[in-house]
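What follows is a short report on a single structure.
Going in written order, the chains are labelled A, B and C, and every chain counts its residues from 1.
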Amino acid sequence: MAIGLQDGMSTLLQVVEACGIVAFACSGFIEARRKEMDLVGVFVVAFITAFGGGTLRDMLLDRRPLYWVEHQEYALLVFILALLAIPLFKHLRSTVAEKIIVIADALGLGLFSAVGASLALEAQMPIFICAMMGVITGIFGGVLRDVLCNEIPMVFRRGQLYATCSFVGCWVYLILELLAAPQAVALIASIVVTLTMRLLAVRLDLKLPG
Amino acid sequence: MAIGLQDGMSTLLQVVEACGIVAFACSGFIEARRKEMDLVGVFVVAFITAFGGGTLRDMLLDRRPLYWVEHQEYALLVFILALLAIPLFKHLRSTVAEKIIVIADALGLGLFSAVGASLALEAQMPIFICAMMGVITGIFGGVLRDVLCNEIPMVFRRGQLYATCSFVGCWVYLILELLAAPQAVALIASIVVTLTMRLLAVRLDLKLPG
Amino acid sequence: MAIGLQDGMSTLLQVVEACGIVAFACSGFIEARRKEMDLVGVFVVAFITAFGGGTLRDMLLDRRPLYWVEHQEYALLVFILALLAIPLFKHLRSTVAEKIIVIADALGLGLFSAVGASLALEAQMPIFICAMMGVITGIFGGVLRDVLCNEIPMVFRRGQLYATCSFVGCWVYLILELLAAPQAVALIASIVVTLTMRLLAVRLDLKLPG
């Protein structure tokens, strides 16, 4: 988070961020185990799911150092989770865990998208590109996960709204920023919109037409 | 197009470029719809088909801003085309449309390859690398499209000459530049060679041996 | 090799490097031919297998010029090998050749990993990231080869230890460097460890648990 915010707000966002990273990593673990990958595959796929979107955004915007390079503790966290994941996932298959993952994933999607849009705006990108960068940050970890697992990316298939929630959330952030709302307000509003929309899509089985 | 040319020439190339982008995007639409992707998939695949080659080249050469970041109108164009593509492609399946796409695609291949080689030459890359950068610009959008659609890239399979036309066209450009021909001449000659060779390959079903 | 070493050492490493590049390219040839690709596919897949890991590392670290851009002779070498590969691989399928490729590949893995870790250390990355950059350099050429060939990456599947050897070798390098050992010693020790471990894994069919 290269964004300057008050301390309380900043702590809150760090908690959201950690939830998002763990949730994204978990979706990587699950997919990798379904493909019967070993520890190496489980770690790499989880890592790329968690950080792939932000890394691609940074490479497109030419920002360095990369997020996970600056925060090696997150890379270590995913590594340790990967070590635990193989024994854990054999037993744990409760629907409670799945529900928690859906919520944490939606939180992560909301945060990553808003932060991606905000960093692109900071870099003075045109507004539509800012929205695209937000969506890229939010969804491309999952796209790369599916490519590595030799599947057509889940977000491209006709499923419950996912990228669309990120896209709408990005525009909420960008419009509030253009209206000179305080950044913290724009960020929270954007995350709340993405999160709500995503949870509604899962609950009501909302899909794009076509 | 970072290349300085006279106005008339420059307008002509912009028309060729728009044709190429639309043709590349169309091949993305078709592939994405064949895989039953929704609007998100159709847009992303079309976008990456159209801009993936140039983006990879720019990231390899460390050029910024990226082409589509500077020209958000092209990103918007692909977005609007994607909105139209789903209803349109249900009905439109005439062989006339397919022939137009083959020609526009060959034009795009010729232009993108020549521009890629020329930008690499400007960046003082060694000559063989310049040819490779031209081919990367021309073909990698299609490679990424096929990877996202979970297929072995079409240009790697034994089909009608495609990358080979780009490769030959790049050398035409590079040799003319080394012979100090005016850039406009080198560019046009290169595009004409790639275009002709590609259309001949389609017409006569030319393939590489092997 | 951006690393300053004595002349004799440097020549030795160049020989190891050439072996590694040829071995990596060969694994690309074999995979591409298995998928019935033509010359274009054979060349691109071999090239990406040989240089993909280092290129990804350089893009993550924002290092330029890329290794193969500076050394166009290697790109040309792979191109010429690709021209020869199609007629050659029809006949050559001896088990002797396969054994030589396993050894050369293990040498390449050892060298690429150690060099990757060393370049990340030079760029003052945190230590765990250095180990990751070493592994990325060593294995991602193969990962990209398998993605282009529409397979789940071999190194992620439960097979004989591969990435693990690279990971251990990277730590050998990094720990020796931190202990202020001469760089040549750290490099050789790291390569020997990776090589030995990999050959033992192949001989004894060692796998990760899970």
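Quick notes on this one:
Note that a residue touches a chain if its C-beta (ideal position, glycine included) is under 8 Å from a C-beta of that chain, and two chains touch if they have at least 3 such contacts.
This one's a predicted model, so the numbers in the text were calculated from it and none came from an experiment.
At the interface between chain A and chain C, two copies of one sequence, fewer than half of the residue numbers in use appear on both sides, so the contact is built from largely different positions.
Rotation angle relating chain A to chain B: 120°, from a CA superposition, given to the nearest 5.
Centroid to centroid, with C-alpha atoms defining each point, chain A and chain C lie 31 Å apart. Shared interface positions of chain B, i.e. residues touching 2 or more other chains, are given as 59, 62, 147, 150. Contact residues on chain C toward chain A in their complex (touch as defined above): 59-60, 62, 125-129, 132, 143, 147, 150-153, 155-159, 162-164, 207-210. The touching residues of chain A, when paired with chain C in their complex, are 32, 35-42, 44-45, 55, 59, 62, 64, 66, 68-69, 72, 75-76, 79, 86, 147-150.
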